[in-house]
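Below, chain A partners chain B and then partners chain C, in two separate complexes.
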Partner chain A sequence: MTDPLQRPRRKDPLRRTTLGHVPPRLRSRAAMEMATHAAQGRFVLQTCESCDRATYPPRDRCPNCWGELVWREQDAGGQVAAETTIRHSTDTYFRNHMPWRIGTVRLDAGPTAIVHLHGEAGVGDRVNMVLKLDRGGNPALFAMPRGDVPNMQDDPQFRSFTADPKHRRVLVTDGRTDTGQAIARALLDAGAAKVFVGDCAPLMRFAGKQQLAALDGAELVPLDVTDTHSVGNLAAQLGGRIDIVINTAGQVREGGVAFGAKLSDLQAGLDTGVVGLMRLAQAFGPALGARSDDGVNSAAAFLDVVPVSGLSGQSGYSGTAASAAARLSLLSGFRGEMQKAGIRVMSVLTGPVDDAWHQRLPQPKTAPSHLARTVVAALRDGQEISCAGDVAKDLFARWRADPLLTMREENR
Partner chain B sequence: MTQTPLAALSQALITGGVECIDLTNTLSPDFPVIVLPAEFGQCAPFRMEKVSRYDDNGPAWYWNNISMNEHTGTHFDAPAHWVTGKDLPSNTVDAVPVQDFVAPAVVIDISDEAAADEDFVVTRAFLEDWEARHGKIPDRHWIALRTDWYKRVGTPDYLNLKEDGAHSPGPDGGAMDFLVHQRNCIGLAVETVGTDAGQAFHFDPPLPAHSILHGNGRYGLQCLTNLDKLPTFGALIVACPLKIEGGSGSPLRVIALVERAQA
Partner chain C sequence: MGMQARYDGVAVCAPITVPYVRFSPESAHWWTGAALRALGQKTGLNAGDIDGFCFASFSSAPDTVVGMVQHLGLSPRWMDHIPTGGASGIMALRRAARAVQCGDAEVVACVAADTNQIDSYRQTLAGFSRFSQDATYPYGFGGPNATFALITDNFMRQFGTTRETFGKLCVAQRENALSNPLALMKKPLTIEHYMNARPISDPVHLFDCVMPCAGAEAFLVTTPDKAEQLGLSTARILSTIERHNAFADDTVQFRGGWERDQEALWDRAGCGPGDVQCVQVYDDYPVIVAMQLADLGFCSKPGLNDFIAANEFTISGSLPLNTNGGQLSAGQAGAAGGFQNVTEGLRQILQCPLGEQVSDAHRALVSGFGLVNYDRGTCTGAAVLQREALR
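Showing the complex of A and B:
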């Protein structure tokens, strides 16, 4: 079994916080392609279109026959052929994480790869390979033990590839919705040390407030993402002890572009969804970035819950989709910025949530509890892009295959 | 030489015989705005984005962009705010005669009644009884309804929004007919978030203060503070809304001129 992770003691105020270095980031375009698959939680390798052999590490042509390479999902099995423990490195990131175990794994898919080893995976073991993103956003193969290993998630090496909420302190930006409340609950169930839950109108009651306030580990905090002062004030108070930010704020309103739309709704929606995201990023991003290597409860991630319609637009909800699209664009930029600081910027794409603002839409809709499970799973897996609900999964799959067609389909 | 009225006022302002009382709540992001049922458009709260504060965006100067609804914070309601006033002449803030921005006030104190019953309704009978005790409400005055509601600002009890709607005092239709048609008031000035009672949607007619005031070219002043500092008669209210083209109302600074009590 893996030693269970101990809840960290409070910080020694005399100790200089370890700077959050990131692993080396000079990679090829092919490696970046691999990263986009890792971001979606897929185990892929390049396969030659001519000779059908899988290859690793990423290359531009097949090393066997010079054929074209394409990314294909692969059998994730393998066997550890050799292992070694690195005790010295000239790299600033790895120097702070010594000793570090790596191994050689014969992949069932064909190639032999040098991989990061889970503490419970050793020579001769059958392993499950996962494709992860390291803190700098690089793709990396990680060998996980097979079977049920207690506390498997707690392996310190593996933990650096995830944003596991265990023992971490999380901010959920909007707790006035079922979604925000379900996420807060799921985080506490997943071992979060503390969940701060934003309330944009502390003087105004909301359904579920009593139950939320009574949750052990949850604390309501005033936070209105449409108010720069409010966001700044909370960051000033809590920025240094929030390890994960989960943005659940957003406004969904019906309406087209030329027909049935209200400009005041669009403005309010953009202010909440887009400007609000930027306010959060500006207020919390630097504090997160400064603590990306701060021990067990290092700062780890900024996760945005965003409508999947941002990929395609959506008839009947054009303004909401436009706000989501702008949000996705900001997230891409924010991701690039935070990768340099070792913080994961993640998005959970959601279909229409089963709430009062999607009453006119038919099922299936995304249940807040399902959304919450997806959020926690994304953090535990360190998965940059996840889909919550069948609608989101379907749209995302169609969009990957043909974005222009999906836009037409969604805007009929 | 006989002193003109304005010269006398100027002199009194200089010597302190007349003092100014601020009837305005501070515009801040936290100041509550009226909340409508969720399917309606909502009143935008006050927001302030810094443009520069002696920084790289403006090294020697400090200024902000601000945004809000016309009915955010202490604000003025023009007749065009309500459907009953939509076709009246000069019904928007830019067109309202400026003469109306300076007017005397009569303060009707219902703070005890409001403390005992947060849904206290001012009726014509109540006003007639009030006149019997205090004297007739003069022509062309603001009717300032003192409820001490401003002391609730910063607590949930200010909007007092319960599951069956808001609860705050206000007038009924009979009282508004009386004030507008019999007493020719300038308008109704209140400390609550609206001129109407919290439950006035259920009155007959619904929202009688808005309906009758604005339908007859009168005005509303809401979210006032310090009405308890004014005398029953004799205060002069200065309330100048922003000159917003076609505006239905405006946040504004409201002050009252009162004669200082002689020692």
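Showing the complex of A and C:
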């Protein structure tokens, strides 16, 4: 079994924080393609279109017949053939994390790979391979033990490939919604040390407020993402103590483009969803980045809950989708910036949530509790892009296959 | 595959070592120039006399051989760039020999030079190859230590080779280095020191690893007539082999291209492993030394423990090995480390060693191994050299 992670002691304020270096970042374009699959939690290898043979490391042509290569999901089994414990490195990140175990794994899919080894996987063992993103946003193969190992998630090497909320302090930006409250509860259930829950209007009551306030480990804090001072004040107060930011703020309103829409709705939606995201990024991003290698409760992630309609637009919710699209665009930029600092910028794409603002839409809709489970799973897996609910999954799959067709379908 | 054509009309001579230093602020160009200058002093040749140039380096970027030619004022009618590190000596020898034999060039200077500036080792590693960027260095960034640790781990399990066996090779090489005034490692090494050294990347420990440094090595390939005219002692090439990316399907490397080609090597040479008086093999990690001994026909892999226990590898021993101390004890000057086998083999059979002389040495086996592009060394080569004329 893996030793359970101990809750960290209070930080010594006189100690200099370890700088958040990232592992070597230089990669080929093919490796970057692999990263896009890792971001979605898929275990893929390149396969030759002509001879069907799988290959690794990432190549640009098949080494068997020089055919074209495509990324395909693969059998994730393997066997460890050799291992080593690295005790010396010239790299600034790994040097701070010695010793580090790696191994050579013969993949059931065919090729041999050098991989990170879970503490409970060693020579001769059958392993389950997972494709992760490292702190720098690059693809990494990790060998996990087969079967249930107690505290498997607590392996210190594995933890650096996730943003597991256990023992971490989290800010949920909007606690006035069912979604925000469900996420706060799920995080505490997952072992979060503390969940700060934003309330944009502390003087106005909202449903669930009392239950939230009564939750052990939850604390309501004033936070209005449409107010730069409010965001700045909270960051000044809590920035150095927040390890994960989960942005649940957003505004959903019905309406088309030429028909049935109010400009004020669009403006308010953009201010909350888009400008709000940038306010949060500017206020909390640098603080997260400065603490990305700060021990068990190092800063780990910024997760944005965003409507999947941002990918395609959506008839009847055009303004909401436009705001989501702008948000996704900002997230891409933010992700690129934070990769250099060792912080994961994650998105959970959601279909219409089963709430008052989506009454007109038919089922299936995404239950807040399901959305919360998806958020926690994304953090525990370190998965950059996740879909919450069947609608989001369906739309995302169609969009991956044919973005232009999906846009037409969603806007008929 | 027919038998390799003989190397008639080819003379190898003038081994040069520019004394190594741990760190150097100078460039690969400076070290290359230093090697050419030493070669000129030894042979009396000047830039205009050198009509062939074969070059190996990891640290000359952005320049390749052509940049070096203009930088150092050469005007060759034949040149080659060999980017294969530990295999570059053998490969340079083969290419230069055929160029001379066929009349494409008459006087070929083969030079390997690398600098080692502060932090240049880490930078070289970080940009070493595409596969290492994508698929090895992000995995703990242990550099070659980690890659060879995996190879050593598997080798020890597969063949039962022990650390004591590897240790005996390292200890013998250190003893050899003690007589070489240019070797960087000057402290005697005992098997106890070896066994008790700190682990670097299990099962690789401190004395399994080479010391990166700056330096240059060179030798001359020309015709026997020209060598005589210059008054140089010469060796002839009896036989050579070269192979790249052999046994690509082996999960972990436990053999190199030598295994595939060693029979051809000894057939052409007209002798066997028992007929050489010294062996100069690539030695970045003793597992590779052991692998070469077995792949080149000295013993089987399961028999390595017994073979190594039964032999002495010092200069006065039964099988003198890496008689200058090898890279493990003399230092690894990048690609120049891949030339040491040729220059030291030549020195022993031409009776001009840096340290002590192997008695009666007239035939040497030299072997190279290079370029860990991903998870294993990709390039292998070997040559048998024999003394022709002492001058």
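Keep this in mind: the second predicted complex is superposed on the first by the 412 of 412 C-alpha atoms of A that agree within 3 Å, B and C clash if a C-alpha of one lies under 4 Å from a C-alpha of the other, contacts with A are read in each partner's own complex, and residues count from 1 in each chain.
Note that in this section contacts are C-beta pairs under 8 Å (C-beta built on N, C-alpha and C of every residue); 3 or more make two chains touch, one makes a residue touch a chain.
Remember, it's a predicted structure, so these values are computed and weren't measured experimentally.
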Once the two structures are overlaid on chain A, check if chain B and chain C clash or fit side by side.
fit
Where does A:229 make contact in the superposed view: on chain B (first), on chain C (second), on both, or on neither?
first
Regarding the shared-chain residue A:102, is it in contact with chain B (first), chain C (second), both, or neither?
second
Applying the touch criterion given at the start, work out whether A:268 contacts chain B, chain C, both or neither, answering first, second, both or neither.
first
Scan A:76 for contacts with chain B and chain C and give back first, second, both or neither.
neither
So, A:140: does it touch chain B (first), chain C (second), both, or neither?
second
Put down the vertex angle at chain A formed with chain B and chain C, C-alpha centres only, nearest 10°.
140
On the A-aligned overlay, A:197 touches which partner chain: chain B = first, chain C = second, or both, or neither?
neither
Closest pair of CA atoms, one in chain B and one in chain C, after superposing: how far apart in Å?
36
Chain A positions touched by chain B in one structure and by chain C in the second
none
Residue positions on chain C within touch of chain A in the complex are 121-122, 125-127, 130-131, 133-143, 145-147, 149-151, 153-154, 157, 198-204, 248, 251-252, 374-375
Can you list the chain B residues touching chain A in their complex?
29, 32, 35, 38, 41-42, 44-45, 47-50, 154-156, 158-159, 161
Which residues, counting only chain A, touch chain B once they are in their complex?
203-205, 224, 226-230, 262, 264-265, 268, 356
If we count contacts the way the header does, which residues on chain A are in touch with chain C in the complex?
23-24, 26-28, 30-31, 56-58, 63, 81-91, 93-94, 100-104, 106, 112-116, 123, 134, 138, 140
